[in-house]
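Please go over the structures that come below.
Note that chain A is present in both complexes that follow, paired respectively with chain B and with chain C.
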Partner chain A sequence: MSLSLILIAIVLAALSGAVGLGLDRRSAWGQRLAVALMVPAAIAGLTGAGLALAHTSEPGPFATRSVAVPTTMPAGIGSWQLLSNRPMLVGVDALSAFFLVPIFLIGGLGSIYGLGYWPQAGHVANGRKLRFFWGTVVAGMALLVVARHAFVFLLGWEVMALSAFFLVDTEDHLAEVRWASWLYLVSTHVGTLCLFAMFCLLRLASGSFELTSLTAGQAGPGLLTAIFVLGLVGFGLKAGIMPFHFWLPGAHASAPSHVSALMSGVLIKMGIYGLVRITGLMPPPPLAWGGLLLILGSVSGVLGVAYALGQHDLKKLLAYHSIENIGIIVMGLGLALVGRSLGRPDWVLLGLAGCLLHVWNHCLFKALLFLGAGSVVHATGTRQIDRLGGLAKAMPWTAGLFLVGAVAICGLPPLNGFISELFIYLGLWRTTGLAGEPSAASVAVAAPVLALIGALALACFVKVFGAVFLGSARSGDTQSAHEAPGSMVGPMIILAGCCGFIGLVPGMVAPVLQRAVGSWAGAAPTPGEALTGLVSLKWIGMMNVSLAGLAILGTVVLAKRTHLAQAPRVGTWDCGYARPTARMQYTASSFAQFVLGLFHWVLRPHGQAPVLRRLVPPPAYFETHVDDYVLDGQILPAARFVQRWMARFRGLQRGLTQHYVLYILATVIALLIWTLPIHQILARLLAR
Partner chain B sequence: MLNTAIHLLLLLLLPPLLPGVINKTKALFAGRQGPPLLQSYYDLAKLMRKDLVLSSTTTWIFVAAPVVTLVAVLLAGLLLPLGPFGAPIAFTGDLILFAYLLGLGRFFTTAAALDTGSAFEGMGAAREVTFACLAEPALFFALLALAKISGALDLSAMLHDPLAGPLHTVMAPLVLVAIGLFIVLLAENCRIPVDDPNTHLELTMIHEVMVLDHSGPLLGLVLYGAAIKLFVLSALILHVIAPFQTGHPWVDWPMFVGEMLGLAVGVGVTESIMARLQMRHVPYLLIAAVLFCGFGFVLLVR
Partner chain C sequence: MASIVNSLLVVVLGLNLFALGSSRLNAVIRIVALQGALLGFLPLLIHQPIGLAAVVAAVAAIVLKGIVIPIMLTSALQRAQIKREVEPLIGLLPSMILGALVTGFAMMFAAYLPVAREHSDLLLVPASLATVLVGFILLTTRFKAISQVIGYLVLENGIFIFGMLLVDAMPLTVEMGVLLDLFVGIFVVCIIVNHINQAFASMDTRRLVELKE
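After this line comes the complex of A and B, so read on.
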């Protein structure tokens, strides 16, 4: 039942944009039809995923609701033969269902948001293209999540990757957008290459292309490590784990905002899904894997948020925060792997529950933030934080909802980000309980790192929220600002509601997490304890409810008691200066400058500072940039070097057909010579 | 039950006394008579009766922030055991909630500062969040060390008598953790040498400059919340430096109040004998706090 609902949803989603292709470019019906197909697809998909999450009780990978789809391919046609014995192609377990929820949620909400944000009437040139690939990217992601066979997985993966390329490339008349999308295309295919190799090695180990769990006897440690490393690079490139994150900021910033929300909220999580799935298939891993993931996660977390602090572009800043949150997610997975290596089911449970719940949470609040940023861009036409300001008055709904997302992403109570970070913290805390195991104690050091990430994220989101929505307008761009239409605010309200729900009633998600974790650790000893026994979710929920309730109640009472509406309003006290202007406000850049100073050694901000020469200095300007070290410092110079080196062969390319025919002839002759039995000829010659 | 009632009473009523004690100590050092010990109570009572004036650039965030901050520190105070008594609310993982509640207060205080659109308040907010980035890991290292000693995952069990372990292994780490936590206490509450609450130059302020535009009841809530934060963090550090108990509630409660006032005197002495650090040197002090707490933890691992 659930699987057929999900398959129907995949087909509906794939078709949603296609039906509009035949309609007139100016007709609004294409978009309405696409939404009318996408919303039922989302509802069907969410229902299917919900059913699967509610009913999969028995643990074990793929134990439930798998179907063998009979292939129509006749047996014995070359390499297709391997499909003839009816392999398992698709199936749903709790882990798949868990990842299907964000796919269909954001797929549906984003397409509604598009009605106001990217209306066909205003985007005649690319509206149809965007909706077509929106449908295919959702279908591709859903397909890869339910795939039980390497071919189906890679099919879904490539449909997703290529559709996302076209989505990033929506505004392909802009050079910046083309550059970002090509960079994305290159990196995603390097990742796919690794995945091809990884699945081949998996086949070598397990004997089939089906995704089945390996036992320790089936593959040696070398082969397993090769599979893990290839998976880490392939999936890490998609997830944006540092140092594989270089494509992510540009692509997220260049895409339309609801596409950014989908990519950041859902698409990069497919890399996490792949990692979780592959590590779940493995026998208990060596300690080094979990340790490596913890280190990579910590580096991504700290540097992701540090880079975010240095950004001036609202969407690029949010993109770097995706890297930070992926870091937190990977830390959770690393803790789970360490727990599996050392045989500690409670670490596995808390680490993986934190990892998975943070996947949901990040999807909710990051999509909310990107949609909020989209509303700002929609209203003002700029993404530059330092050109904005004071938008909370013109856009009260967007400001309030953005604030919810900002509090949630900082991991602060009473919202959902706190719950998932709490799981990871508690898992890390439990590692201190193990006596005489220094390696376990070094795992606990990740807890202060997570605290550092949280404090930095707080600094960054106070900066963004303050600079964009509070204070007064810094430039004329905000003059035309207006509240977003209902089709844009509505999806944001739903997302904010989900953030609040998980934060206030965390006990409701515990059973779902328990099942999802159970289907991962099926190969390992099943966790003996229940999640609710390890964390007092009841108390946390009560504290969060009382926090939110008291804060709202207190504010209302205070406003009533002090007759706030009648309170006299005067200009801000500027320490005696009588005529402050909006340009004298602290900008986002100056706000972040002090923190950036602490990370000077890695971020290397550079810029143009004015030099005051004369008594009355001439007009001057000041600017700072933070370049990405991996992209601008390593990959581009390396690419330029390779390009220079390859330029030597450019002489061969003459553009004349005769030359190319000559090359072919030369190659054929060379190959013929290669096949000559030279040894025998030589032997005969020498024998005489 | 009685202990819970006393906990609540102390949490609500004692905090404004601490700034009074600190100021009195500083005045004695300077050879002045100083304000009365109860001055903070008089100030609060007066502020709550006043009308308020708002800046025309502010939004609802500006009004909500002092309330959210106060609620957050009060709830944090409910999670923390005072002296040898258990906290009113204790559960697995309350220590994370404790730290993050203080973070929520910081989010709203700094956001309200940016809400006024003043350069000075933005400057103060930037300093506050920057210093917190270093204070937070120090606090977590300290909590990790205490968890390592006690093997517990909730604050009440964790802070209950940290000297429970073998004295020769826990003494050195506890001294390091206590020094680190004391620096965190000074930084989080904006005391000398990190910040000078009495300074009169807005350019050099941290906490005081963020609340320049709050007036009347709003300012009262801000001051009250700051006093409670000082109280809560002092109560945390008291567990490490003065883990004494007799077992008789009627001796332990007065002893706790005495220790708390003693710590306030200690803060006052620190403020009197030290000059304020240059702003760019404050991160070094906080990194030292991280190192103290971190080494405290490392010593326990071995």
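After this line comes the complex of A and C, so read on.
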């Protein structure tokens, strides 16, 4: 039942944009039809995923490692086979269903958001293209999540990756957009190459292309580690784990905002899904895997947020925050893997629950933030933070919803980001309680790293919210700012509501998480303890509710008092000047300057500062940039070197077909000589 | 039966040398058409007993290579209104001698190949190798776009002869697919010939160097 619903949803989603291709370019009906197909697809998909999550059987009692390990994957509910002798192609278990929820949620909401943000009338040239690939990217992602066979998985993966390329490339008349999309295409192909290799090795180990779990006896540690490393690179390139993140900021910034929301909220999570799925198929891993993931996660988290602080582009800043949040998610997965290696089910439970819940949470609040950023771009036409300001007055809904997203992403109570980070914190603290395991205790170092990430994220969002929504307008771009239409605000309200729901009633998501974790750890010791037994979610929920109540009460009281007192309206941040101008405001760059200084050793900000020499200095300007170390410092120089080196072979390109045919002839003759027993033939010829 | 097949193959080898030696494009087109049509009879001779698949393959090959493609090439030649001479890189006589040498080499080489017993008294392998190599000579030493197509056709004929070794193993769809590919390829090239002629006022493929990056 649930699988059929999901398959119907996949077909509907894939068709949603195709229907409008035949219609007139100026007609608005193509877009309405696309939304009219995508929304039922989303509802069907969410219903299917919900049924699968509700019906999956509870994980059994705690199984120790001595218990015989089942050789097949937990079948979940309903596995769909074309014919009885064919391999199982698709199926749904709790983990698949868990990842299907964000795909269909953002797929549907983003489609509605597009009605206001990317109307066909204003985007005659590329509106149809965008909606076609929007449908296929949603279908591709859903397909890869339900895949139970390597070919189906790779099919979904490539449909997703290529559709995303065309989505990033929507505004292909801009050189910057083309550059970002080509960079994305190259990196995604490198990733897919690694996945091809990984699935081949997996087949070598398991004997089939079906995604079945491996036992320790089936493959040696070398083969398993090779599979893991290939998967880490292939999936890491998609997820944007540092140092594989280089494509991400440009692609997220260049795409239309709802596409950025989909990519950042959902698409990069497919990399996480792949990692979770593949590690779930493995026998208990060596300790080093979890350790490696913890280190990569910490590095991505800290450097992601540090780079975010250095950005001047609103969407690029949010993109770097995706890298940070992927870091947190990977830390959770790393903790779960460490727990599996050491046989600690409570670490597995807390780490993976934190990882998975953060996947949902990041999808919710990052999509909310990108949609909010989209409203800002829609209203003002610029993404430069230092050109915006004072938008809260013109766009109160957008500002309020952006604030909700910002509080959530910083991991502050009472919203959802707090809950998932709390799981990971609790898991990390538990590692200190294990006596006589120095390697495990060192895992606890990740806890302060997580705290550092949270603090830096808070600083970054104070910068963004203060510079964009508070203060007064810095440039003419914001003069004509207006509130976004209902089709754009509506999806944001739903997302903010979900953020609040998970934060205020975390007890409701606990059983879902429990099932998803149970289907991951299928071959591993299944945690017998319930999530609710490890974390008193009821009390946390009540605390969050009271905190939210206090906050709302305080706001209301404050607003009333301000209203009653009839305080005079003055410019924000005018520093006591009698006649301030908007340009004297504290800028986002200056706000971030202090933290950028702390991370000077890695960010290496460079720019131009004016030197005041004369008594009356001439006009001067000040600018700073933060280049991406991996992309601008390593990959591009390496690419230039390769290009120079390959230029030597340019001579082979003569432009004459006759020469090319000669090359083929030479190759054929070389192959003949190589394959034939030429020595014997020569010997017989000479002997005659 | 083997003697008929062998004499047919010898005729094909002779036609190779004719194709290398004639100076007029129309004549070369006709020679290659004859070669293709003769080769079309091969499946009928080798398939015993003659099945429907062999008949279909033979008829399709004869019609396509003997009638359709030559007509397309001739009309492309007329539309392009070029000098009807081949303009080879090396002279006609030297290329004939080269073709003869290559044929001899193929005979010698094939004698030492491990071939299945039922094929050992047929000339299939040497004829195939020789025709492929002659196709390569035509491709590399002629500059006009039309003569390139002819070289490609000869090359394909060589591959067709080699395919006769696998005639029992290869399903009809594969042969039909190959013929379709050939037809589409020639069709496209005939159009391109026209365009090259218009753009460069010549059919000399050496002018295409200007398109090099």
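The rule we apply is simple: the second predicted complex is superposed on the first by the 629 of 688 C-alpha atoms of A that agree within 3 Å, B and C clash if a C-alpha of one lies under 4 Å from a C-alpha of the other, contacts with A are read in each partner's own complex, and residues count from 1 in each chain.
Simple rule for what comes next: a residue touches a chain if its C-beta (ideal position, glycine included) is under 8 Å from a C-beta of that chain, and two chains touch if they have at least 3 such contacts.
Small disclaimer: the values here were computed from a predicted structure and weren't measured.
Colleague: Look at A:685 in the shared chain and tell me whether it touches chain B only, chain C only, both, or neither; answer first, second, both or neither.
Modeller: second
Colleague: Would you check which partner chain A:662 touches, where first means chain B only, second means chain C only, and both and neither mean what they say?
Modeller: Only chain C; A:662 stays clear of chain B.
Colleague: Could you say whether A:229 touches chain B, chain C, both of them, or neither, answering first, second, both or neither?
Modeller: A:229: touches no partner chain.
Colleague: Name the contact category of A:653: first (chain B only), second (chain C only), both, or neither.
Modeller: A:653: touches chain C, not chain B.
Colleague: First (chain B), second (chain C), both or neither: which does A:471 touch?
Modeller: After superposition on chain A, A:471 lies in contact with chain B alone.
Colleague: Quick one: which bits of chain B touch chain A in the complex? Just the residue numbers, please.
Modeller: Contacts found on chain B: 51-61, 63-64, 67-68, 70-72, 75, 89, 91-94, 96-97, 99-101, 103-104, 106-107, 110-111, 113-123, 125-127, 129-130, 132-141, 144, 147-148, 151, 153, 202, 212-213, 216-218, 221, 283, 290, 294, 297, 301-302.
Colleague: Touching chain A in the complex: which residues of chain C?
Modeller: Of all residues in chain C, those touching chain A are 89, 108-109, 112-113, 136, 139-141, 143, 148, 205-206, 208-213.
Colleague: Quick check: in the complex, which residue numbers of chain A touch chain C?
Modeller: Residues in contact with chain C: 653-658, 661-662, 665, 676, 680-681, 684-685.
Colleague: Tell me, which parts of chain A touch chain B in their complex?
Modeller: Residues of chain A touching chain B: 389-390, 392-393, 399, 403, 407, 410-413, 418, 421-422, 425-426, 429-430, 432-433, 438, 441-442, 444-445, 447-452, 454-456, 458-459, 461-463, 465-467, 469-472, 534-536, 539-540, 543, 546-547, 550-551, 554-555, 558-559, 561-562, 564, 567-575, 580, 582, 584-586, 590-595, 597-598.
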